[in-house]
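Each of the two complexes below includes subunit A, the first together with subunit B, the second together with subunit C.
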Partner chain A sequence: MKLELHRLNVKSLKFAEKTGFADGVLSVNKAELLSLIAEDPLLGKNLDVDLAMPGESVRIMPVKDVIEPRWKIEGKGQIFPGLLSDVETVGEGKTLVLSGAAVLTAGKLVRFQEGIIDMSGPGADYTPYSKTCNVVLVLEPSDPNMDKHDYEKACRMAGLKAAAYLAKSCADVKADSVEVYEQANIREGMNNLPGLPKVGYLYMLQTQGLLHDTYLYGVDVKKILPTFLSPLEVMDGAIVSGNCVSACDKNSTYSHQNNPVIADMLKRHGKDFNFIGCIVTNENVTLADKRRSSTYATKLAAMLGLDGLVITEEGFGNPDADLIMNCWKAERLGIKTALLTDEYAGQDGASQSLADSCPEGDACVTAGNANEVIKLPAMKKVIGYAQEADVIAGGWNGSLADDGSITVELQAITGSTSELGYTKLGAYTL
Partner chain B sequence: MSFKVIHYINQFYAGIGGEEKADYQPEIREGVVGPGMALKGAFKGEAEIVATVICGDSYFASNMDEATAKILDMMKKYQPDAFIAGPAFNAGRYGTACGAMCAAVAKEFNIPVISGMYPENPGVEMYKKSAWIIETPDNAVGMRKAVPAMAKLALKLLKGEAIGKPSEEGYIERGVRKNIFYDKLAAERCVDMFVAKLKGEPFETEYKMPVFDRVPPQPAVKDMAHATIALVTSGGICPKGNPDHIEASSASKFGEYDLTGVMNLTSETHCTAHGGYDATYADQDADRVLPVDVLRDLEREGVIGKLHNKFYATVGNGTSVANAKKFGAEIVNRLVRDGVTAVILTST
Partner chain C sequence: MLKLITNNMNLYNTVRNGEFIDGSSLSVLIRVRSLVHLGSKILTHPLCGNLRPNHQPFRSVIIDEKSGPADLESLSLIEDAVRVYQSCKLIMPEEIDEATLKDYAYIDSELMKESLIQFSLLTHNP
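After this line comes the complex of A and B, so read on.
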């Protein structure tokens, strides 16, 4: 399997007559993009598209998802298979990437777990999406009493459509840079690199229901048994987020497309280990599902003869139980593990950080304490609805002050404690 | 202007006397007394000990609340910027007094509080979350090393500088988690650690797995037909509109709600405040999380004596264990006061 990422480096955004790319500027035909997302009868009449650039005094909230614009320009299948395009396997050929750009879905709240992105100020340091040039979709449901599952789906699809539309409109532009990724099939992979440990990535996905679902080739991941996936498929959008767990540790679609664990494992493949591939698993709510999925996922790793697994969690609390089961089950099969999670240690940091624990979890990296409180000064412009600060996860009644500043836990900031490890935040014990 | 520090010592270090004077009542003196001299030297003019509190160890231990209140009151007029207690080395009552005063001062004045103790001093376990405790040897021979470390940490805290890890600063690990930006992405740190573990090389986990409290279940209720059963939930069920504004995550409070005459929860009357699960079905019919309807049936059938006329609810989502423990203790007090026999706890 061979995938080329053809990158156009987006340094700026502007509205223009025609959507396209030239000299680092992504031009967006607002009317065309608006009419594309307005096709969905589930979305209301007051839709908007806005632009937000790094360093601007702009706050975007509540944010549902972040998506990187990509479009396959050669090879099988198309981006976001099973949702936006057909179910054909992806991960081969050439994919155009608008690097540095992102589509943000924002607007009327679906449910409490949505987040804040500040483009400047102290909040900007905590979110990776303050560094991207953001095309923001401001959405609302066509019926305020619409079933929330339907509204979530409409928002999710609007984001995917917009991301594909933007990249597709630039398909004729020559890339600024090309990266080539190759992944051997399992037989060859096993024979390659003798002497190096064979390792995998156990990729846990949030699957607890409304605003807690993730899709693999369009399949709701809570309905799958753990399965095997090439890291290259992930780069083509095989995994799409339909969830906000809390905004801080939701794995956005953008962070799946750019999964930094996969990136680092590919970089070290052939040097420190032999990276065989990804095992995707879920985080369902029932104990039977947790037991079944953790047993099945670690069984797959054992069948592949893996020596080690990097395990990333998504969310917190309930899925800590899945993380811990995956950890000790793998370790007891002789598979060494390193865990990537985040923490809920209380606003004062004095409570225990995880809801479950096992002695085998001796190699644990954390993306920080999501309960830590931050004050976000007022911004000149708010795209969306600032008053939601009082009800979103991480906020409280009174989070939004009269002067427009917002005091919240980090959990309200999109991507701040990314459990794919997409930020430099961590925590230590005082 | 230098920072104003108040120093706390016991009767022994004040030169008043040993065990025979341990019932010495709290007193405050302007300026430096005993080991405060060494502290003063270590501050090098950046901070000043404006007053010294002296209290007998036995007096403090036997009159903790009263002594604490008295000392806090004495301290007020000095408007201190920091509070230093001890060092107490391995003296148990002294260490406990230092820790308790640190905790009380931090709460009352919201200023940095620093002590020094031997790791096995009982004051460490009791107060390490409330105070910065510099690790010392088990007796006063360690004074020369302890005092500069305490002074250095105090100055850092006073200036608002970042505090390093326990091994760097010399304090006893408090068990308090603090965020920090590292040079590398968390993903890269994780793969680094993974490679070290694979190769059998040393590595340091970023989070040591916690050890949990286990609560043994109570014996079964023998006489259900006369029992008063209460419902308590962490599933966020509350009257529609969430009148107490219980947070969707990281709850700071619980609610107490009346069930008198309520036979059934409906989408008109109740909802959930919880932000951590698919709330659609709880909002449609809150009995799914807080089964009032079924308990009313059991009441009518005589299976239980009665359903308690109040229920208690909070949100478990991302709520700290410290808050959960506090809510639990308060709810239990009220249930016991009201003569409840047993509780059904529901989550999500």
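After this line comes the complex of A and C, so read on.
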């Protein structure tokens, strides 16, 4: 399997008569993009598209999802299979990427669930999406009493459509850079690198219900048994987020497309270990589902003869139980594990960080304490609805002050404690 | 016998066998803990959803109500859940407006729906 990512480096955005890319500027025909989104009868009349650039005094809230514009210019299938395009397997050929650009979906859904993105100020340091040039879709349902599943889907689809539209409109531009990724089939993969440990990636996805769901090739992941996936499929949008709870540690569609665990494992493949592939699993509510999925996922790892597993969690509380089951079940099968999670250790950091634990979980990386409190100063412009700060997860009554500043836990900031490690904050080896 | 323990009236009204707790989320967890001590087994994770306790006025847990020795897995789960609640220093805001409360109840119902269907406990849609 071979995938080329053809990158156009987006450094700026502007509204223009024609959507396209030149000299680092992504031009957006607002009317055309709006009419594309408005085709969905589930969305209302007061839709808007706005632009937000790094460093601007802009706050965007409530944010549902972040999506990187991509479009397949060669090869089987198309971006976001099973949702936007047909169900053909992706991960091969050439994919155009508008690097540095992102589509954000914003608008009220269920009031306390979505996140905040500040483009400047102290809050900007905590979200990677303050560094992207953002095309923001401000959405509303056509009927205020619409079923929330229908509206969630409409928002999700609007984001995917916009991301595909933007990239497709730039498909004839020559890439600024090309990255080539190759993944051997399992037979070759197993024999290729004798002497190096075989390592897999156990990719846990949030799957508890409305606003807590994730889709794999369009299939609701809570309904799957754990399955095997090439990391290259993920880059073409095989995994799409349908959740935004809580904003700090939800894996946005953007962070799936750019999963840094996959990127790093591919880099170290052949040097430190032999990266065999990804096992995708869910985080359901019933204990029977948890036991079934953790047993099945670790069984797949054992069948592949893996020596080690990197495990990433999505969310906290209920998923902590899945993380811990995955950990000890793998370890007891002789597979070493390294866990990536975040912490809910209270505002003073003194409480136990996870709702579950096991002695086998002795290699654990944290993305930060989501309960840490931050004061976000007022911004000159708010895209969306600032009053939602009072009810958004991580906020509380009185979070929004009269001067426009907001005091919240990091929980409320989109991607601030990403459990895929897609964050700008951390310790670096110099 | 399968049973839903909940303080969410909307959800309570849709199940075959339920126990309504007129109290907080923590009261629900403490009631579940008592039932676990008496031998009941927990079937759904007591911390389902992804909100801190102060953002979760409703809690719902499905159990298999039995008497006998305590199930250790259930006991560990419910003790951990109670600990998470007790460690959360922020309490629920005293006044929550009607629309927000409705949203909380709705999400709680939605997260439990799949499990209620799986255990054939749902009589009609919440």
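Note that in this section the second predicted complex is superposed on the first by the 420 of 430 C-alpha atoms of A that agree within 3 Å, B and C clash if a C-alpha of one lies under 4 Å from a C-alpha of the other, contacts with A are read in each partner's own complex, and residues count from 1 in each chain.
By definition in this document, a residue touches a chain if its C-beta (ideal position, glycine included) is under 8 Å from a C-beta of that chain, and two chains touch if they have at least 3 such contacts.
None of these values were measured; they are calculated from a predicted model.
After alignment on the shared subunit A, the placement of subunit B and subunit C results in a clash.
Shared-chain residue A:209: touches subunit B and subunit C both.
Of the two partner chains placed by the overlay, neither subunit B nor subunit C lies in contact with A:185. Of the two partner chains placed around the shared chain by superposition, subunit B and subunit C are both touched by A:246.
In the overlay built on the shared chain, the residue A:422 is in contact with subunit B alone; subunit C does not reach it. When both complexes are overlaid on chain A, the residue A:367 reaches subunit B alone and has no touch with subunit C.
By the touch criterion defined above, A:197 lies against subunit B but remains apart from subunit C after alignment on the C-alpha atoms of chain A.
In the superposed model, A:57 lies in contact with neither subunit B nor subunit C.
By the touch criterion defined above, A:290 reaches subunit C but does not reach subunit B. Of the two partners, subunit B and subunit C, it is B that touches more residues of subunit A. In the superposition on chain A, A:177 makes contact with neither subunit B nor subunit C. Common to the subunit B-facing and subunit C-facing surfaces of subunit A are residues 111-113, 148, 208-212, 245-246, 285, 316-318, 344, 346-348, 351-352, 371, 391, 393-394, 396-397, 409, 411.
The residues of subunit C lying in touch with subunit A in their complex are 42-45, 47-52, 54-55, 62, 73, 77, 80-81, 83-84, 87-90, 93, 95, 99-100, 103-104, 106-107, 110-115, 118-119.
The part of subunit A that touches subunit B in the complex is made up of residues 111-113, 125, 147-149, 197, 199, 208-212, 245-246, 259-261, 263-265, 268, 272-273, 285, 307-308, 310, 312, 316-318, 336-341, 343-354, 357-359, 361-372, 390-397, 409-411, 418-430.
Residues of subunit A that touch subunit C in their complex: 110-113, 148, 206, 208-212, 222, 245-246, 284-288, 290, 315-321, 344, 346-348, 351-352, 355-356, 371, 391, 393-394, 396-397, 409, 411. Touching subunit A in their complex are the following residues of subunit B: 129, 163, 165-166, 171, 173-191, 193-199, 203, 205-212, 245, 247-250, 252, 275-280, 316-323, 348.
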